[in-house]
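Each of the two complexes below includes chain A, the first together with chain B, the second together with chain C.
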Partner chain A sequence: MSVLIDMSKVYFQYLRNQSDNQWLLSDINLSIEKGEFVAILGANGSGKSTLAKHFNALLVPSDGKVQINGMDTREEQNKLQIRQTVGMIFQNPDNQLISTIIEEDVAFAPENLGLPPEEIHQRVDWALNAVDMSAYRLHTPFKLSGGQKQRIAIAGVLAMRPQCIIMDEPTSMLDPSGRASVLRTIHRLNTTFGITIVLITHHLEEAAQAQRILVMDRGRIVMDDPPESIFSQFELLHQLNLGIPPITLLTKRLQRHGIDLPANTMTADKCADAIIAMLEAHHGNH
Partner chain B sequence: MARDLTVGQFLPGHAIMHRLDPRTKILLTFFFIIQVFLAKSTVSLCFLIILLFLFIFFARLSAGKVFRAVRPMIPVIVFTALINIFYVPGDSVLHFAFLHITKQGLFTGFTLFVRLTVLIVGCSLITYTTSLNALAAGLEQLLSPLAHLRVPVSELSMTLTITLRFLPSLSDEFEQIVDAQKSRGAFFDQGSPIRRIKSYFPVLIPLFMSAFRRAFELANAIECRCYHGGKGRTKMNTLHFAGRDIAAFLVFTALFFLTIIFNFI
Partner chain C sequence: MAIIELKHVHYAYGVGTSFEKQALNNISFSVDPGDFLAIVGHTGSGKSTLIRHLNGLLRPDSGQVFIHGKDLWSQMKDRRSVRFQIGLVFQYPETQLFEDTVGKDIAFGPKNMGLNEQEVKQRVQEALAFVGLDASYLERNPFRLSGGEMRRVAIAGVLAMRPSVLVLDEPTAGLDFDGRALILQQLEQFRIKSGAAIILVTHNMDDIAEHAQRVIVLHEGRMVLSGTTASVFSEADILKQCGLDVPQITRVLIKLKERGLPVRTDAITLEAAEREILKLFREGG
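Then we have the complex of A and B:
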């Protein structure tokens, strides 16, 4: 696998050369490979959104270097190519949709890229299909649910055929079913189309579904590990004001009472399986 | 309720008036306005009225609904007509104290009444039969030659599209803020007019704040989707004139000359 996003010694603050200001990002060294599914966890104000905006040149580092597919984000002529490579989805779907017709909204990015009409049509068809919203092609977004609007926003980014999509808390304004549908879509993009996903969230349950979790605190990356080892560092997560998922709490508690459960039980399904397996083994012995 | 704003007065349908290219409809509306002001005789004015009902018929709209659009304009129309009845000099028909009603005055008043009504109803037909998106697309393509004169046509149409998109969002938000302020004890429909106007400041300020916040977020979102102005942009759907558009132009030209001929009868 090859490196898609490469950051070395990145420091950032909005007003440069005001040395008494605290760095919003400091000493970030990071590389994300093609096809990865990475979650960025952190409390409010930990710098996760600021970091994400460096991935597609919305912000450029005050010091250090960010390279996307080898292109430096500080070079003005790379910007269009970088934004086409790395798409971004924001929290509020209402503020990302620009047209009153869904089809036109999805066509917006390919129109900006100056593609011929037939190619735009193909891409719109494909993108709407990929998020399972083809039936709404000629509808207006106003009447859709939050989850559906967010999937339209994802289709709008997909139409650029990006290699990577950054999701900045895409589910925080959605109801549980909308949230589930968006998360399912995100997974499908990663597994079916091999699109690199960077999911920013403060929900540990969402982060648990990634292959790798970065935990941020006050502008620094404090952990960078697979979910299993992140969730085993219970005390540290607590210190960083991150809510521990109830399943993890349950597992911990059972373990404390001497019940033998594996450490990697982050989802309800895995936990249930482990308990069932344990019970079966237990009963089998008697 | 607020959502209706997006569609304006547009009533979706499949009548011939709906299916015409928006550019045709825009151009023919201008054509019609000129025609209305060229009609001078009683015959040509009556011809216009007949035309109007024919248009309404071809748009498959109910006449009552269409004429409702004129309702807010009635005072203006009546006032303009009355002023003319009293002020145009000529052969006196009725004489009372300082008021003179003349034959010419009555005719001018009648002319203006018919012209203004026909004009407003005629123009409202385009908004009844064309969605705002189609109108914006039509305007953009009609104005596109101006891009050579460095008029930012594409940017203007983008602004228009975004405005249409966010109007209902802002109006929803307006209602929410009004409710929020009411629940904190604000009154909006009491006291003197000045007091009432003042009572809206606590609504407008949060509304502006949120509009700016939305604007920043939107700016980021469209930048992420490679928007870099109108340069090098293509369109997914371009408008094409069909046979019916040419037919409509021919019919309107004929009607135009008929109106002028009727002026001399």
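Then we have the complex of A and C:
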């Protein structure tokens, strides 16, 4: 495996020469390998979006070094190639939609890559299909519902098919089925195309699907572990304001009555399976 | 008397163009003081379009909107004042912020209502605390905040007007766990103290289960379900067809029932679900 994103001793603030407690990022040392699927959790204002903007040179460190495929993000001549390597889906899709016709909007990045028209056409079809918005290809993105805009913003980056996709809360405005389908697409991009995924989210259930979770707190990375180990640390999750999913709360309540369900049960299906297994054991003993 | 009543509201975008879209189809419902109503529906089902009708931002093609019993479009001269009574928090908070400091942004509504300086100041402080931000934010530029911080400021701005109906479009999207819990709790407090009605548009079924009294389900511009929260969540199949879901807790019970276990599937709170599951262990299979 080889390293795609490499950050060492990174500090960041918008205005230079402020006092030390003004750092929005502090002592970030991070390396993400090609093909990884990483989720980032953290409270509002903890620095998730600020960190993500360092991955494609939208922001550059005040101190320390960020390299993408070995390219230093501070070097002006690297920026174009870095942005083609790392695609970013922003928190608010309005910041991302540019053309007045959806299919042009989605074609924007592949056109900039200088791909042949046939290939562009195929990618646009595929990307719109992946977010279930093919019917809207000739509409204008500015007259869509909130969730539809979010889907178009996702399609725009999918069509670019970069080596790495950063998604900043891509499902915040989607209904449950829309969220599930975006997550399926993310998995497919990761496993089929080997695209590196960085997913910023406030939904623990979504983060649980990654291979690795980073937790941010006041500008620092305070945890960097696989989901199972993160979710078994309830107290810490609570302290860091990340909350506990309802299913986990139910599990905890049942445990208090001596029903010994596994601690890291996170989905309804797994919870039901575990309860049934316990019931069988329980009644078997009588 | 109902604060808001909609009767047979229809609305289409782009009438006469090739993009014509019937966004609302025969919508009728009413909201009383103290109600906590949730509006749900898949992406593009018409939720944001619907709530824009509640304070006169959009005018129905046909049908009527009554505010305190008066027809908004034929009996009310001062439609602008409706915006102070019926406060709307938009889906993307950035679209709502425009002043150069957070303090001025939150003060905008109360100032326009003609309140004196002292009162405005007090309301700004109250609203800021309500959304969990400290006074250090007052002098900050609202466009240089994190996504969740911006949303909190947008909510504070509407709250400072102390409207009699507070309509929020996905207010908890982008908020962290504490922020979500805080805002929902505060809304509940505000409702109880002031007797205001709350209308919440959200995709988060768990939030609805915990807070809403009634739920309206939209599907392709039509109201397909409307009733108490428990009764709406007992329609798991219809919800699924609409791209929606039941709360996660309820899903566990539905799974158990599918496997032949004798549980009720209308439990939507942790307590109720716990009770149902414990019964299984006591009763014996």
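The rule is simple: the second predicted complex is superposed on the first by the 244 of 286 C-alpha atoms of A that agree within 3 Å, B and C clash if a C-alpha of one lies under 4 Å from a C-alpha of the other, contacts with A are read in each partner's own complex, and residues count from 1 in each chain.
The working rule: a residue touches a chain if its C-beta (ideal position, glycine included) is under 8 Å from a C-beta of that chain, and two chains touch if they have at least 3 such contacts.
Keep in mind the model is a prediction, meaning the values are calculated, not measured.
Under the stated touch criterion, which partner chain does A:92 make contact with: chain B (first), chain C (second), both, or neither?
A:92 contacts both chain B and chain C.
Now for A:139: first (chain B), second (chain C), both, or neither, which partner does it touch?
Touch partner of A:139: chain C, not chain B.
Just checking: does A:35 make contact with chain B only, chain C only, both, or neither of them? Give me first, second, both or neither.
In the superposition, A:35 contacts neither chain B nor chain C.
Based on the superposed arrangement, let me know which partner A:64 touches: chain B (first), chain C (second), both, or neither?
neither
Have a look at where A:170 lands relative to chain B and chain C in the superposition and call it first, second, both or neither.
It touches nothing on chain B or chain C.
Check the contacts made with chain A and report whether chain B or chain C touches more of its residues.
C
For A:227, select first, second, both or neither according to whether it touches chain B, chain C, the two together, or no partner.
neither
Once the complexes are superposed, what residues of chain A are shared between the chain B interface and the chain C interface?
Common interface on chain A, chain B vs chain C: 92, 94, 143.
With touch defined as at the start, can you tell me which chain A residues reach chain B in the complex?
Within the complex, chain A contacts chain B at residues 56, 58, 80, 83-84, 87-88, 90, 92, 94-101, 103-104, 107-117, 120-121, 124, 140, 142-143, 153, 156-157, 160.
Please name which positions on chain B make contact with chain A in the complex.
Within the complex, chain B touches chain A at residues 3, 6, 132-133, 161-162, 164-165, 168-169, 214, 217-218, 220-228, 232-238.
Enumerate the contact residues on chain C facing chain A in the complex.
So the residues of chain C in touch with chain A come to 13-14, 19, 40-44, 47-48, 91-92, 94-95, 144-149, 152, 169-170, 173-181, 203, 205-206, 243-245, 247-249, 251-252, 255-256, 259, 261, 270, 273-274, 277-278, 280-281, 284-285.
Quick check: in the complex, which residue numbers of chain A touch chain C?
That would be residues 14, 42-45, 49, 91-92, 94, 139, 143-148, 151, 168-169, 172-179, 202, 241-243, 245-247, 249-250, 253-254, 257, 259, 267-269, 271-272, 275-276, 278-280, 282-283, 286 of chain A.
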